[in-house]
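Shared between the two complexes below is chain A, which has chain B as its partner in the first and chain C in the second.
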Partner chain A sequence: MADAVLKTKKIGKSFDTNKGIKKVLDDISIDVDEHEFVCIMGPSGCGKSTLIRIMEGIESPDTGQVLLENVPLPKRPEKSIQKNFGIVFQLDNLLEWKTVYKNTDLPLAAFHMKDKMNSQKRVMEMLQLVGLWDFKDCYPKELSGGMKQRAAIARAMVTDPKILMLDQPFGALDAITRRMLNVELLRIWNETKKTCVMITNNVEEAMYLGQRVIVLSKSPAKIVEEIKIPFSYEEKTGDVTENKEYLSIRGKLQGLIRSLD
Partner chain B sequence: MEKSKISRRIAPWIVLIVIILLWQWICTAFHVSEHLIPKPTAIAAALHDKFALSIWPDALVSIRVMLIGYVIAVPIGFVIAAIASQFKFIVRMVLPILILLMVTPMATLVPEFKLFLGVDPSLKIIIVILQVAPVVAVNTLTGFTYVPQKKLDVMRGFGCGRWETFFRVTVPNAMPQIFTGLKLGSILCTIAAMSADLSVGQGGLGYRISNSAAVSATDTAFAAIVVAAIIGVLFYSLIAIIEKKVSVWN
Partner chain C sequence: MTKSKNKVVSAINLMYPPVILIVLLLVVWQTVCTANAISVWMLAKPTDIFTAFAANTKELLPDIWITYSNELIGYVLAIVVGLALAILLCAFPLVGAALNPFIIVVCCIPMISLVPTLMLVLGLGRSVKIITIVVQSFPIICMNASTGITNVDPTRLELMQSLKATKAEQFRYCILKDALPDIFTGLKLGAVMSMIGGVTAEMTGGNSGLGSRINYYIGFSKSSEALSCVIYIILLGAILYAVVSAIGAHLMKHH
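Moving on to the complex of A and B:
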């Protein structure tokens, strides 16, 4: 069996709050295989974001470790490690003083990859991929929420990272825009076959995008259930929502989420 | 739309003209002594007569002090803010002192400085620096200290270190506060230079004002005040224009 590209091993994390020490993550072990799309769900405030921040090297765990291609992440991973992650944050995390083009170019500059990757061509390809090339000279405040997140995806992918890490990227968008971006993200995943880890609070989104959905409990978060979503790209983009199996998985997942809240 | 834009442009000038006319009329109607408050026409005449001879040379002395002082003070303020911002305990240490320095009218310390330096020609520049650097530092430091965590996370995601994060995110993020400091600095710079002229002497518009008032040439004093005010406004406007050019994203 192929080794997982990204693994967490018994991760635990606590925070100091004014009500004392609060444990948010308890013994979380996840294996993410190459080319896999994994979605993580859980009640709000359960520590999903903390988990993905630890997995992408922005925070470090108190106990346990994260293994990237079987190498443990250090406490403050350096650029050569972070290069492997393309990170899409929650809404509104473009740098507002840079144009869409400059925002997309930023990772190439930060990782000193501008020459190696032929930055102009690369940025153009990415912005065309997300349909934003015509808006390359706009500043973030001139964009709608959906466009901002497209730009954020272009920024995350520009360095051709091994793994895309998405923390509730469409959580603040309206339902129609969210659906459109889901369709685009699945298309991009199908074309590039990048490994994806995504936090979401939406059952349809998790089932549409994920091949596997991991459900976390209320804080301190533990893994409650792992559910496989056994549908191909063609099925998902077709009429899978009328499929009996799909409906039963959705019912199960929805019940599970409701019982945790 | 066009029309309201024009009227908005004109409105403040109309107010200014009305004030000047009222001033002129009051002085004439109530026979106010020229030595107490000169008429606007008298001020204009004094400005015309004395400009080339004394006001402009004195203005040049003041402008030189202001510019040299400002150019030295701004980087000092930046460096203090940059270093302090990286260490929380330093912020807490230096901020009260910077605020204390910011509100102290430095010209009042001239007699003290004279004890050490004598009547040194650079004394005025030192006063301007002491007045401007703290206000630049305080405002810049405020901007450097409050950076949204999510912006810092972007840099962490790239594995960037302290100073790369500082230059890529902290500085541009603080542009509004930096320019607040630069604009307040330009105002205090004008005030400090004029008051330094008053207490140090040796030429300058402030010196011209006090000297003219002392010999009851009130019209010349007022003419010099007008020039000082215009210099201050132009200086402030220059910084404001630069801000617009730099912060295009706002």
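Moving on to the complex of A and C:
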């Protein structure tokens, strides 16, 4: 597709370990279209996190390249490029000595966008979007795990990045909170139409959020399968889980994941 | 209202066990001395020490002033040198690799073995005492601060990378705050070390300061007067430690 926002072209990556060179990523090509929500799944330790780190410019691949709007990412992207990626980490990674407001404001300061973006208004909008405006003066330790991760999402989106990159953001949360945050994230995606790439280890989560699920094999990771999730936002928030097609896709995906582990 | 009341109550709860213990120990000390008729020059009774403490304050004032001011100047200088060096070592790893062994060596030197040599060069005045304090206490401050700065939580650094923060920005946004617990460990140890340094220098040479006073009194077997000087030294050490701890607790209240 010509208008893919983010493309990876035949990415390969190896690491030096004490048992010699270990290949973790092998020939991975992914196109992410604008406004699309792509989920990436794979057995644990297969290199999913390395892949997303390469896609967001924090690490560089050994072979192949990453294209952001058809421009190759340099080895060490500058701030002007990096600000196109809003990153949500596995653990919330909030700075505990800053309030929720100050944490959310941090990327605007770091990318020198405070004046350009009208930081006060922007931070307020983002905290309202994730439902944390009333907690803006709280410190992270005063928040629950789910609220912290919502603050982390607000922080990632505050610079209005082109793409939101989420690396197993809800993995450490309990099942109910996780489900609530999935609902929240899908709503945010539907409202903002932000392009999202998310790594997850949960089939339901991947099918609920993703329009496309990319399944990676065991290390060295290759793309095993790409599965389209052909349901609209309304269907997903409705009773899609009783849909026959949904069930058959879920069965297939679950079988696939189990066969890879 | 109730919150501040609770604070007072918890402060009292923290205070009374050590106070009771101290009083108890003093009573035992006093009783043992009195019951066995131990002579004053061997082991002064607490009452003797406190009498001397009260009686000598006026006479000791100039020495107290010298010891306290040397101590404060030396300690502040040690903090400046120690922290500046730590930042330098961490910002330029090559400099760090070159200097680290020296700092460890300096840390391992008991200053008492160097003070006589220093005095040959610098005389018996104030400067040699302040230098002793600085040299005794900056390495421990520097080593702890370096540990804190280099052991910043890697997930924090990943966040900094995601913002493409420059080294200075990284330092401002997270490294300094993340390193505070280690920095303050160093500052507290440094306070203790600086007390050792200052009194060591005073006891080795010169005739000013509480250290030289202790030498003087011991020369006349006036152990209660000597011990009353020790009380002044303990007092300053405790104040330094408490102030540093309080500043640390304030800066790290959200850690």
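Note that in this section the second predicted complex is superposed on the first by the 258 of 261 C-alpha atoms of A that agree within 3 Å, B and C clash if a C-alpha of one lies under 4 Å from a C-alpha of the other, contacts with A are read in each partner's own complex, and residues count from 1 in each chain.
Just so it is clear, a residue touches a chain if its C-beta (ideal position, glycine included) is under 8 Å from a C-beta of that chain, and two chains touch if they have at least 3 such contacts.
What you see is a predicted model, and the numbers here were worked out from it, not measured in a lab.
Considered on the superposed chain A, chain B and chain C are sterically incompatible, since they clash. In the superposition on chain A, contact is made by A:95 with both chain B and chain C. In the superposition on chain A, A:141 makes contact with both chain B and chain C.
By the touch criterion stated above, A:77 is placed in contact with chain B and with chain C alike. When the shared chain is aligned, no partner comes close enough to touch A:133: not chain B, not chain C. More residues of chain A are in touch with B than with the other of chain B and chain C. The contact surfaces that chain B and chain C form on chain A in the two complexes overlap at residues 56, 58, 77-79, 82, 85, 87, 89, 93, 95-97, 106-107, 110-111, 139, 141. Residue ranges on chain A touching chain C, taken from their complex, read 56, 58, 77-79, 82, 85, 87, 89, 91, 93, 95-97, 106-107, 110-111, 139, 141. Chain B meets chain A in the complex at residues 150-151, 153-160, 164, 168-169, 172-173, 175, 247-249.
Chain contact summary for the complex, chain C toward chain A: residues 155-156, 158-159, 161-165, 169, 173-174, 177, 252, 254-255.
By the touch criterion stated above, chain A contacts chain B in their complex at residues 53, 56-58, 76-83, 85, 87, 89-90, 92-93, 95-98, 106-107, 110-111, 139-141.
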